[in-house]
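Which chain is which? They are A, B, C, D, E and F, in the order written, and residues in each are numbered from 1.
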Amino acid sequence: MIHDSSDVKTTKIGAGTKIWQYVTVLPGAQIGSDVNICAHCFIEDDVIIGNRVTIKSGVYLWNGVQLEDDVFIGPNVTFTNDKFPRSKVYPKQFLSTKIEKGASVGGGAVLLPGIVIGQGAMVGAGAVVTKSVPPFAIVTGSPARITGYAESINDIESRPSRLQEHSKNKKITLLGVGNAALHRLKLVQDMRGDLSVGEFPRDIPFEPKRYFLVFNVPSEKTRGEHAHRQCHQFLICIKGSCAVVVDDGETRCEVQLESPDIGIHLPPMTWGIQYKYSSDAVLLVFTSDYYDADDYIRNYAEFVDAAKERK
Amino acid sequence: MIHDSSDVKTTKIGAGTKIWQYVTVLPGAQIGSDVNICAHCFIEDDVIIGNRVTIKSGVYLWNGVQLEDDVFIGPNVTFTNDKFPRSKVYPKQFLSTKIEKGASVGGGAVLLPGIVIGQGAMVGAGAVVTKSVPPFAIVTGSPARITGYAESINDIESRPSRLQEHSKNKKITLLGVGNAALHRLKLVQDMRGDLSVGEFPRDIPFEPKRYFLVFNVPSEKTRGEHAHRQCHQFLICIKGSCAVVVDDGETRCEVQLESPDIGIHLPPMTWGIQYKYSSDAVLLVFTSDYYDADDYIRNYAEFVDAAKERK
Amino acid sequence: MIHDSSDVKTTKIGAGTKIWQYVTVLPGAQIGSDVNICAHCFIEDDVIIGNRVTIKSGVYLWNGVQLEDDVFIGPNVTFTNDKFPRSKVYPKQFLSTKIEKGASVGGGAVLLPGIVIGQGAMVGAGAVVTKSVPPFAIVTGSPARITGYAESINDIESRPSRLQEHSKNKKITLLGVGNAALHRLKLVQDMRGDLSVGEFPRDIPFEPKRYFLVFNVPSEKTRGEHAHRQCHQFLICIKGSCAVVVDDGETRCEVQLESPDIGIHLPPMTWGIQYKYSSDAVLLVFTSDYYDADDYIRNYAEFVDAAKERK
Amino acid sequence: MIHDSSDVKTTKIGAGTKIWQYVTVLPGAQIGSDVNICAHCFIEDDVIIGNRVTIKSGVYLWNGVQLEDDVFIGPNVTFTNDKFPRSKVYPKQFLSTKIEKGASVGGGAVLLPGIVIGQGAMVGAGAVVTKSVPPFAIVTGSPARITGYAESINDIESRPSRLQEHSKNKKITLLGVGNAALHRLKLVQDMRGDLSVGEFPRDIPFEPKRYFLVFNVPSEKTRGEHAHRQCHQFLICIKGSCAVVVDDGETRCEVQLESPDIGIHLPPMTWGIQYKYSSDAVLLVFTSDYYDADDYIRNYAEFVDAAKERK
Amino acid sequence: MIHDSSDVKTTKIGAGTKIWQYVTVLPGAQIGSDVNICAHCFIEDDVIIGNRVTIKSGVYLWNGVQLEDDVFIGPNVTFTNDKFPRSKVYPKQFLSTKIEKGASVGGGAVLLPGIVIGQGAMVGAGAVVTKSVPPFAIVTGSPARITGYAESINDIESRPSRLQEHSKNKKITLLGVGNAALHRLKLVQDMRGDLSVGEFPRDIPFEPKRYFLVFNVPSEKTRGEHAHRQCHQFLICIKGSCAVVVDDGETRCEVQLESPDIGIHLPPMTWGIQYKYSSDAVLLVFTSDYYDADDYIRNYAEFVDAAKERK
Amino acid sequence: MIHDSSDVKTTKIGAGTKIWQYVTVLPGAQIGSDVNICAHCFIEDDVIIGNRVTIKSGVYLWNGVQLEDDVFIGPNVTFTNDKFPRSKVYPKQFLSTKIEKGASVGGGAVLLPGIVIGQGAMVGAGAVVTKSVPPFAIVTGSPARITGYAESINDIESRPSRLQEHSKNKKITLLGVGNAALHRLKLVQDMRGDLSVGEFPRDIPFEPKRYFLVFNVPSEKTRGEHAHRQCHQFLICIKGSCAVVVDDGETRCEVQLESPDIGIHLPPMTWGIQYKYSSDAVLLVFTSDYYDADDYIRNYAEFVDAAKERK
């Protein structure tokens, strides 16, 4: 926000950019090409806007806001830059907001200051976003929670349930995302209790070197969000349920694990996310290798690049 | 939203309509008479506005928005027209939004695309509306839920509890809405358990041809929302509680069912709605006829017309 | 809102006040000095704005809005003045909204009509405020709930937990707010049950004339919000937990009571608030005097004045 | 128990009765024919024992005990005759105990004073019986609860589950007890809730004149225990579960109702018992006639006689 | 039990004692006067039996059993003297069992070794007693739990609820046990929570020197079981419920505390017991004096003597 | 029980056996040497009693009862031989009862017919035993449940908790039972949830060929009760808790598993039992071999012999 604007600055506006009626752009703002800024907007001087950005009406961009290429900002989206605003009381530094490449912010959403909206993410209309949003996550509500993942930037309409295709009769079902696959395990239920069985490497397709259990996960939490270079993983939700998103850098899908006789195999170079844990969920994971920090890719952009190279 | 406005169109604005400062109306918009459009609004070309509509400041109406007569749009209300907006990615058809006759949208509300706000409905200030709103419903919150029903457009202040008037001593209490009535049924409670009894056609005023049970209803769901031409219904909430709205096309009221010794008789040509189900609610319904799809009226406007004819 | 503006009124604008582009101020509005009104605002005629107020963009102030000195209104904050708005239907009197001295309203917040935001209060970004907010309270969410108390207008960043400083070894810990203090009481736990003990005036620092118990408090309720002129109070949360805010008119702090062996002594002239009651909370209070209505100060401004006098 | 035995009485012992070593029979006791009294028993003077009774070792029969024909008393069964015994303190009248025809009391059981064990009932070994036991009931535990019903005196070993025979494909399944039958009803489940439907007289085999609901039944309670002369009943457990015993005077069986799509039809002259209610059970009953006290047979012996006559 | 009986001992049997058929008394047993030992009993040599004791049939008294005056032992009561019996394996010392004056053991009860059944206590028929039983307590079940208190040895039939007599209109109700009394306290209930208030010494009849809270008491635990010589106590159950037995050495009664507006005043020389705590019970106690170990009487017999002296 | 005793049989009684007063032994009974049969017992003809058995008073042994060497039968223990006894109705074959070597049955216990009390087992006083009891198990209550395991016949007093000896710092703790050992696994807890990790064969001391999960076990159930000849097992209770008894044929101990970072390794030739499952328990088991029915030893006596051979 403007409290002191004594410096003289030069505004840059790219080719093909359209600015509508009743819009103020303060000197110094950096605006890319082919941008569309609708009526009734206001852009302060220390604002950076990439190429092909759309900004609908009633949006006011304060100092410290950065919109990367291909971002969409819906009407009446509210940006802020001070967590505890008081009139005439200025923090040493205003908090910045960054909307990464290809992300969209739905109409009427409110963004608390100091957050990043990740690449390809989607903020639902009317959401009140209090924390940073990971790449491709869909967040909605007040406060905003992750409620899904965009399958890809270009695959907007269809997110079929792969689990439904996993027929009762098939033991292994490829998910269409790299070589990730659902496996059906043996379940025996009798009066004394239930029994689920798997054998290595007959049922689980590798000799495990390591297992781990994930439990007591708060329902709004997201885990995973990384890929392995060499290590295989096999996930079984043995109590409660959770959702698993798998991504090979080109396509992605989501499956719901909710029975101890369903496992999911994540081969190397598969980006995996787990979320929507039920309160009683226990996730059992087998891995083909010992822990090796160098085997992890934790940056999505880096993962996409590495996945392309390997092909 | 405007992505391509090459056509030349003619704007129509009715008599008595007032448009304030800093308002843009694109050529082609259709605006009725006695409309009030406050400062800082924007109206795209493919927008239709009825008569006697009020639009407060900070409202941007995109292509596909239709406001019928007597609609009220509060300040900073956000309209949208794309469920999954991406910059420079256009759906084959933008989703439209329709606000029916006499409805109101409170200040700061956000309307997801593709919904209809029904006749006489009331969207609370700050609500995030994700689904269509039925006629006369009051919705609030994020996401918006039905929290009540406006008794009529002109009866804003008073919504007396009809149930309170149903004295312990009376067996049948007319609700003042057509011939709909509350019936008191026999309840016997002793140490061995409780017993509730009704007889046909002594207590339930018809010979039933059919019964059905409604249960496991999520608390935010609304059921019913239709009338029968010939069939009588008799509803008893035998476990938990729910609310029933009855409407004869002219007047309406709401009663809370929360005891198995209270039944409600809905004669033919009564529009009925059930909502606010408790998590354990079981609703028992007797009907005077077998199922007949032709006996249902599911459109409220059609019901109002049919109700008038019958008188 | 303006339905009838036939009177000619004179606008007053104080020295040092800055009004940006695309702002409308109707004749009759009263605006103080050193006010900052950003672009894209609208101010009706019957609006009063104090000194040193900040109003960000996209804010529309309707008749009946009063902003006291040092108020901050974030971007796209929505004011309303009619609980059940219908187009062309006007209530006998529009409801007014008052933002008291030093209060802030975060960006995108929506204020229902007829409420007061108390002195120094903080409405979170995106909050939907449906009830009046007490002095210094922090409210967030939809609908907005009290989630904290601002320690003071100038102490924004730090709200240390005083309870953590109450070491296991110390029996009494001054809170740094007047003479209010935490007391550690004796707790004996064994297989047959737990026992907590206190003696008068050895452990509780006065001879009690009265005790009272507070229980079954809905979690969103706030109690207390008053000071005593002569009476001492001693509070113990003997089941569940609650938070206590203590304030001597200059400084304030908040402590969490969650064990029957912790008591808090509120000497006379201490403003006390209790909130965040757990569902099973039972608060036991001893007082040094019998009930005397004249001993209560229930208005915070009056309390601050009285506290200054006493020094 | 003997506190005062001054009267001279004559003991009667029937033909074929065998009394073993170390048994005391006080003068005045009445013992039928073909009775077997094992070693180490004691029989006071005011005791009546029918024909063909078996009494195992370690059983002491105090004044007031009456054993009808064909009763079995296991070893170490304990009889009592004073609820609050104190040495040398005698109640005005000792409480009596009656074991009806054909009943059995398992070894080591303890019978509180003043109770009746009904015809054909079975008290489990080691049970502590604090209340009277209805005809044919099986009771076990401490304190004893009804855990089953003997199918008939002569059908000891087999109590097949008739419900298992009610295949998914059959709409009506006769139970082999008179004309009592299970009926399968329509169940529709979708996202909005579940729906169960039945039609009269298509699904329920009569036109109902009356319905009643039974709910809030404590789990240890037994209801019903009567037959109707003319009236049909149709029972559906629409929430939770309960067990229904049906008896035509010659054969009996038990079915578990636990789904709203299963109903049971009880034609006239069917003795019915419901028990083992789950805590949330709601039982819906349709009847073919209005309430008529004369239509009820509440005494099992009378029912058996009436059932025979009708054939 | 007899493993080794080489010593020659002399049996003593008092005047008026009656021993029935098939009873063995080993040499050395001590038996008082007016005792009644029914048929089929066995009494080892190191057994002591007081005056006026009744022993029903099937009772075997092993070495180490002591029955004080006026004790009643029902039929088939089982005594034991080894916690972990193995054939031919003898502990260094067999555990003894003592039944105190006036206590009764119902028929078929089993007593684990090493316990004391207190004065006037009542063991229910069929109970399995695993722990010592306090004076006048009534125990039932397997394992036996305290389920009541005998009001006095001679007041068998009537145990009226004194709480029912405490009418809504009376502020103080004497219990008829010394000067112990119920007090009604002020209770204010509204939407913001409930409030219960008391004033010293207006409502609570003394100036408190000490308070204590009792909570987290396991439901089967009994607390109190002592009297004070000088100290007053005032008990309020502010959450959940518990039962209080008051006893002045001559009469006793029991009241249920289950509301924070009911207090019970225990003046000096009142024997008090609290039991049947609900899982969430919190008991608040005010005392008129500081803690003084010498003020406690913890032995019931000593209390009865002291109470008589004081009169 | 004797219904027909026409055969002439010869009774055998061993040397050193003592039979007290009022005891009947029918011709044909087989009684070993050094047996002690107390007063008031009755022994039918088809009964077999081993050497060094103790039988206390009030015990009646029916046909089909077999007591092996060193058995202890407490006073008033009740044997039965007919599940559904009816007077003069005889089953084709009476059910037998077998008490294996060294077992004890506490006073007043009741044994349902047809069961086996395993070697070294201990039936608590007053227990009602409805099912067979495994070797060394301790059972109590009505109905009797396993509440512990006797560590060995001669180790009565001490059952130290081995788990307490498993210090926080040690990774592996031998249990002193063969090579069975507790293993500490890695546990990482943070705000996002908890994580437990183990590696093969680093942490789990073999390469697994198989895993299985045990869950939904009713709390009263006991599982395992077998040993493997070649296969290793590794057990982790990843949710809830259970107890594991390990036995190498000579010594035994019990550990409580209640945290996912504790595993127990059962090498070949370890007898294992799991019981006391909490309602939410999930037990994860790794095995070193595929399933092989021949690898199991399910008879405890056979296991003891095989264990001796291997040494």
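Note that a contact is a pair of C-beta atoms (placed from the backbone, for glycine too) under 8 Å apart; a residue touches a chain by one contact, two chains touch by 3 or more.
The structure displayed is predicted, hence computed values, not measured ones.
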Intersection of contact partners for subunit D and subunit E: F
Intersection of the contact lists for subunit C and subunit E: none
Homomeric contact subunit A-subunit F: same or different residue positions, threshold half: same
Superposing rotation of subunit B relative to subunit E, computed on C-alpha atoms, to nearest 5°: 180
Chain centre separation in whole Å, for subunit C relative to subunit B (CA means): 37
Cα-centroid distance, subunit B relative to subunit D, in whole angstrom: 55
Subunit A and subunit D: spacing of chain centres that average the CA atoms, whole Å: 65
Gap in Å, rounded to a whole number, between the CA centres of subunit F and subunit B: 67
Junction residues of subunit F - those touching two or more other chains: 22, 40, 58, 76, 108, 128, 142
Chain pairs in mutual contact under the definition given at the outset: A-B, A-C, A-F, B-C, B-D, C-E, D-E, D-F, E-F
Residue numbers on subunit C that touch subunit A, as the complex places them: 20-22, 34, 36, 38-40, 52-54, 56-58, 70-72, 74-76, 102, 104, 106-108, 122, 125-126, 128, 141-142, 150, 153-154, 156-157
Partner subunit D, residues of subunit B touching it in the complex: 192-200, 202, 207-218, 221, 223, 238-239, 260, 277, 280, 282, 284, 290
List of subunit F residues in touch with subunit D within their complex: 1, 22, 24, 40, 42, 58, 60, 62, 76, 78-80, 84-89, 108, 110-112, 128, 142-143
